[in-house]
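These notes open a run of structures that come right after.
Each of the next two complexes has chain A plus one other chain: chain B in the first, chain C in the second.
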Partner chain A sequence: MTESAARSSTKALIAASLPRRYRAEQRFRLYGRAAILLAISALGLLLFSVGAQGFSAFSIFRFDLPLHLDTKRIDPNNTGDPKVIAKAPYRALIQQALSDAFPDVRSRRDKRALFGLSTGLNVVELRKRVIKNPALIGTDIRFTAPISDDIDLYLKGKITPRRFITGKGDLVIQQPNPKIITLAAAPESLDFLIAHIRQSRLQQAAKLEVQAQKLRDGLKASNGQVAAAQKQKIEQLEHKAKTIRNAAKGQTLGLNKNDPSILLGFHGGIAKAIRVSAGTISVKPLVRPTSLETTQNWQALILDLPERARRITDQQAAWAEMLVDHGYAKRRFNSIFFTHADSREPELAGIAGAMVGSILTLLATMLAAVPIGILAAIYLEEFAKKNRLTDFIEVNINNLAAVPSIIFGLLGLAVFLNTFHMPRSAPLVGGLVLALMTLPVIIIASRAAIKAVPPSIREAALGIGASKTQTVFDHVLPLAAPGILTGTIIGLARALGETAPLLMIGMVAFIADIPKSLTSPSTAMPVQIYLWASSAERSWEARTAAAIIILLLLMIVLNLTAVFLRHKLERRW
Partner chain B sequence: MITLLPFAMLALTGFMLLAWFQGRGKAVSCADGHTSILHSLPGYSGAYLAIWSVLPAFLLLAAYGLFGDLLLGLQMQQKLPPDILALAPEKIELFLRNAHALAFGGTASETSPALTAMAQTYASHARYNQIAVMGLALVLSVGGFFFARRRISKTFRARNHVEAVIFALLVVCSAIAVLTTLGIVLSLLTESLRFFSQINALDFIFGLKWSPQTALRADQVGQSGSFGAVPLFAGTFLITLIAMIVAAPVGLFSAIYLSEYAKPSTRRTVKPILEILAGVPTVVYGFFALLTVGPFIRQAAEAVGLGAQTQSALSAGLVMGIMIIPFVSSLSDDVINAVPQALRDGSYAMGATQAETVRNVVFPAALPGIMGALLLAVSRAIGETMIVVMAAGQSANLTANPLEPVTTVTVQIVTLLTGDQEFDSAKTLSAFALGLALFVITLGLNIISLRVVRKYRERYD
Partner chain C sequence: MASITLKPDTNGADATSETHKVRARDVNVFYGAKQALFDVNLDISDRSVTSFIGPSGCGKSTFLRCINRMNDTIDICRVEGDIRLDGKDIYARDVDPVILRASVGMVFQKPNPFPKSIYDNVAYGPRIHGLAANAEELDHIVETSLQRAGLWAEVADRLDEPGTGLSGGQQQRLVIARAIAVRPEVILMDEPCSALDPIATAKIEELIDDLRNNYCIIMVTHSMAQAARVSQHTAFFHLGKLVEAGPTGQIFTNPCDSRTQDYITGRFG
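Right after this comes the complex of A and B.
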């Protein structure tokens, strides 16, 4: 009786606890799912952010300007002498081509800004082209160098959003003053612009007010003198916000450097708005329009980031727009990125040098690590007797596999560079260092592959009179080859992505040439990525990400090859 | 300077082929074409002859390639003019370096008649050495050829000799792994000892200030470097801690889910995806931390009113945590899979739910192995370089605030050894001391964790 009562009460207890326990079970399962989801989404985010940033670097805006190779300036006496041709003023020729495209640029300052659209290094390419083909002298060619990196970024919309609005109704030129043109347009066509400026000013003021409020909150904590200074600052901020709010109210808005820029395009020219009211708009021409007739064909371009906060001026933006409009600049596949080595100018920098460096380094790694690794694995798996020494070697190899890669760099620096005086920054040394690093990986993979070959193969070979060495090299090794190959490829793929040891042996130098041999100075792809990532200019970001995309693609190809070989060749015993 | 070496190597390769055919031919002619009466296959006789004709000469040339410069340097020290010998040791070294540069087409920092004369001696000795070595190699080669050729006969055990050489080669190759460790230990130790002869070891281990700028000249003031490594270790520890806070739960829970709950098909797809995280180069993580995670953390911190910078311990730690998730998960996965099914079945029989079984039976049983996996992940995080170099900053802050930039041991090694180096200065040498510390710590962690994991495996095998 008591027993059954106890049993039923236990049952009741269990039954009562079940919902809680099942909920716990559900939660536990959820944690597991969440963990996996988190890891996978981290990977997704990583790949997406790299992809999104790198994609734009695969295309680039290049000039397509007519350029006259004036005989008088290059080779006036028609000597055809390469020395004479090399000394010609190519910079001036390029500048002439730019001036021809924008004839109304007069002042020295404007001209310098205009010539800044093409980097000075473009001279080198042009000179090379003419020296290679002297027949071009005296003819018109197309100047196709890449446009300066800031302009390229601007045209890709990376500096500020570019919003084009097609104008409605007539645009009537009222006052064709050369400095400032006053235009009349239907009020509704200008309303949008006015609203936009107002909104931007209100946002600006709101931002200042938030800032002031934050300071005010912090004020309670601080004391005496500090508080006085803080108070003054708060008042300043609030006053400024008030002024801006008031400025947003007026009927006529005068635009300043803190407002978004509004550029009007009409009659093949571009002008910058400096005052807008319902019905009239005053503009300052940046590129002179060809005519001052009334037109229905006009548009406005809004650049939201104020001129003060960005790297390119409205003037440069206007030139860039004109170049694209006239077909003098075109978005093309960025072949430079794949054919050039590193450069100080982002638009002329490429990954080719680093890629060749990586290939040479990997070649050295392969030549050193693969034979040594396989032979060591054969010894340890087939010949070594189980004793203290082989145990020691085994522990050693396992530990080496987990030594931080930078330590191998220190070893390379101390032994290869400082003791044996091998050349700095050379793929040979980098390859050897990476070989030492990959060796344990290859040994471990090869041992596993050799171990997987069944003993019957060995017994059969020994049984028909083969020696131990013959058995291993003629029978076991060929059967283990697929596994060894797979392990080796994976090890090499890892070596391809390794950076730290290469920094130690000086492969971080700026190298503007594609390396030619195992001993010429070079970098490798991951090091190039590191170098570019630490550069300040914005346009390096996309190039860094693009280099990462290429590196990842190479690694994926290597790893897929390994997977493919494993599926294709591996035998199950 | 060793210009003839590649040609010598090429010639040796040619000679090797020739010797192989010769040896093979000799063996066949010994047997009058009936190769079955030979002790070894004719190919082995060929290989034997090839080895004798090439290997000694090859070893000589390789040794000369490695140590030729050292030998030349020693010879030159004895040829120094007496007035130079009287100078200070570093002046002598500079003199020799300049002479070397003059002789072999480098750029010398100065020129003088004595230097020019020395350069000529240098060049002529280099030439003599090279000719001597080449001659010796030729003698060895030809001598070896004729010696070995005489020995080839019907009963000659060529195969045994060749196999002995192959065996020696195998031993040498597997010794390279040991030599690497030895090389690491020796190079780190010698350089560190030189460092500790200049800087007190206790100051290095317990010092709180790290600013490795040393005075170039004795009379300079204000630049006495201080080498207190505590801020570096603190920064390393902070970042590792953050990384483990991310990686340990995520890795463990994914491992548990994958091994206990997931369908085989899910497991087959998810596991390789997680492993991709381990295959992404660390410099890519660094870029991600610098340009995506860092700015995001800064904005988030500013939004809640905290000051933060793009480079911070938090961003480096978070990203490093993502990187080591697969280390934790795949090792723990192995460990959890090794727990015998009988333990689970016992727990289910008692009425436990699956989660209770995992928590109360599988996890405790797998705990030693999981600890081993976590230790391995910690060692990985401590030794990781590129993420912290790019995302953690350079300033040696002693702080526990994860929003501030900190610096780590690996970052300082990179900073000290890239850029202009002063040879033998405490600044350069300190990198090796840091390297030694890093090596010892990671080695300790690895040995412990490997032992724990192995012990654990043996328990259920």
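Right after this comes the complex of A and C.
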């Protein structure tokens, strides 16, 4: 074969293989894009779900009630003595303010429910406020404590959707019986309510039928006694479904405990519907209307979740609606969340305590881990002789970086608490434990950064007679600083998000005060999130998510700082 | 091997032992178990340029780095033998390498200015050694050093700019200025022009020729033409041994050893 023939065949071979090579490249790009898309969508989903859940916790419904600070009850002899003022019956004053807002609540049981709108802990705030400013005694103030968390959730529509329907035509009071009021309204204005209840009943029946069908499907597998019991159960379910279906058919519908609640608002009062037919509706007043005149100005409120399935009663819902209507409750920015420490009452709980705890802990971590880590890295990289001992140390540092964090917690428990008797739950101990955990990360990152400094710089400095230490601190360290900083901040960010080691040294306790020093009991943000996430009440859900948002923001700020510092230090040369 | 004494250039005065700035006797260097230099004996004259030539890996850079004890920084490197600067053993116990390196400056193959301003590059040495009593003195040192390195005219108005922003040739002259600033007696140059273009190389060579009047310059080079142009003395290394040393003219025109002959004529290397 001649040279030119060989050349052309080589070209043909390359040309033949080209499409395959390009396809491989394209595939690889596609995989890369798919991976990035997947990561971004996962992140987006996380942020969206956390954001959607936590957003509502940043606002809260607060009372805005007039409250009279009665001189006779607080300081009858006008002593001005803080001790006397401190002992005054503030609870009674708050209850008086609520009673004034709803004068028709008479029975003890109703009163207790009404007073439940304000948590008992609000007394503390009010007392503080009066002691701080005794001039308020005898005047009218606005009581602005947060409303009970269930009511707050209800008003945010988190317990059941609140659907308002504006009434059409006249609402005529036919029978102003104090217990049950019968009202007449144009049939077409009540039709919607009737249809809604019917639909809800049909859905209930359908649900029961589905349940029965499922049991019937499972019947074939079982036998004997079990089968007999199940058959009975199926019959019961089907009977119930049939009854409900029949109940949905009648012309007059009596509302029962499984139906959605329908509340009618008219003349500044709220009443709960108990029977609806084409032209009339019977209601039980929850907040007595001020007048029984015929009115065109009325509306219906549908709460789809039946009363027995939710945490607040129709009565409480009525009060809540009235409070908002009268301007006695307003949705405000939830400043409590940022100024308070933890509390048993969700409406009074905040992350300030955990945040300060986290900052103090991080401070202790930084003070302990950063100088030791960087200096250790410098020593190992620049000064230590390369021998078996340093090899051994290096292997161990690398291993320590991979040790599960809870082990460091156990170490802290054994060493700092049991041997040195340091205080439990203290940010100082938490910081030291996290420092132990972060140290290997900082050492490894710093060593890598120092190693990356070109040796020519060291030679240059040594060549004009700089000592080893001068070389390292004047030239190597400044050049390694961006890398060291990035590694350090990433290590600290990890420490900020760490929960497990803190559990072991008692930072998981319920702490209702904002920590004041490195040794005062405190908790940290991730631990707070853990604590709230395991709390039962619904209101904690939003607060947990909100705390996660704050923690994520803190992390983002830390990481951005790392990026910024790196950029700034690197661009200098 | 017998001692080879570098005779001064043919046009110079007769050699006396006093003019020998550096004297090396029986120098052996080991990297771990591997021996890199074998019994090197060499005398180097003051106020002249001495070139080390030889193929890659022949030990010329290793020997150069022995003269300012730069090899100390390599853990596995071990130096045996006797190297004297002005008659004083530089490997003696009481010699501090830091002081030694202040009087034996070094310029490297790749320009390695500090990532600092031009001024700080030159001022760093005087600063750490406390050579300037005040700011004016330091300014003066920086200015004269840059002038001697032939860089002053080019950078006088931008001393605050980073030294790494200069061109390769300028950087190398900056590095030379940095070495001069600590008032050394000997300047070691490890292939100072190998990373530079011909014009920059010419400038550096010119500079070296100037500096020869005040310093003992020892230069490693791969360019035989450069050795012939710039240096008064040349030493040829091969496989860790000093094969031949003498006045440049004699080495290039009438070498004693056949290996030198072969290397210079390009038969190997």
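The rule is simple: the second predicted complex is superposed on the first by the 530 of 573 C-alpha atoms of A that agree within 3 Å, B and C clash if a C-alpha of one lies under 4 Å from a C-alpha of the other, contacts with A are read in each partner's own complex, and residues count from 1 in each chain.
Going forward, a contact is a pair of C-beta atoms (placed from the backbone, for glycine too) under 8 Å apart; a residue touches a chain by one contact, two chains touch by 3 or more.
Note that the structure is predicted; figures quoted are calculated from it, not measured.
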| item | value |
| --- | --- |
| Which of chain B and chain C A:S467 touches, first, second, both or neither | both |
| First (chain B), second (chain C), both or neither touched by A:N78 | neither |
| Touched partner set for A:L45, first chain B, second chain C, both or neither | first |
| Touching partner for A:G32 - first (chain B), second (chain C), both, neither | first |
| Partner chain(s) touched by A:L479 [first = chain B, second = chain C, both, neither] | second |
| Touching partner for A:K385 - first (chain B), second (chain C), both, neither | second |
| Which of chain B and chain C A:N297 touches, first, second, both or neither | neither |
| Touched partner set for A:T499, first chain B, second chain C, both or neither | first |
| Partner touching more residues of chain A, whether chain B or chain C | B |
| Shared contact residues on chain A - chain B and chain C | 467 |
| For the chain A and chain B complex, residues of the former touching the latter | 14, 21-22, 24-25, 27-29, 31-36, 38-40, 42-43, 45-46, 49-50, 53, 214, 371-373, 375-376, 378-380, 383-384, 392-393, 396-400, 402-408, 410-411, 413-415, 420-421, 436, 439-440, 443, 467-469, 493-494, 496-500, 503-504, 506, 508, 526-527, 529-530, 533-534, 541, 544-545, 548, 551-552, 555, 559 |
| Parts of chain A lying in touch with chain C, wherever the complex brings them together | 385-386, 454, 456-467, 470, 474-475, 478-479, 572-573 |
| Contacting residues of chain C [partner chain A, same complex] | 68, 70, 73, 75, 98-102, 105-108, 110, 112-116, 124-125, 128-129, 162, 164, 175, 178-179, 181-182 |
| Residues on chain B engaged by chain A in the complex (per definition of touch) | 66, 69, 159, 163, 166-167, 169-171, 173-178, 180-181, 183-184, 187-188, 190-191, 249-254, 256-258, 260-261, 270, 273-274, 276-277, 279-288, 290-292, 305, 322, 325-326, 329, 351, 353-356, 358-359, 376, 379-380, 382-386, 389-390, 410, 413-414, 417-418, 431-432, 435, 438-439, 442-443, 446-447, 450 |
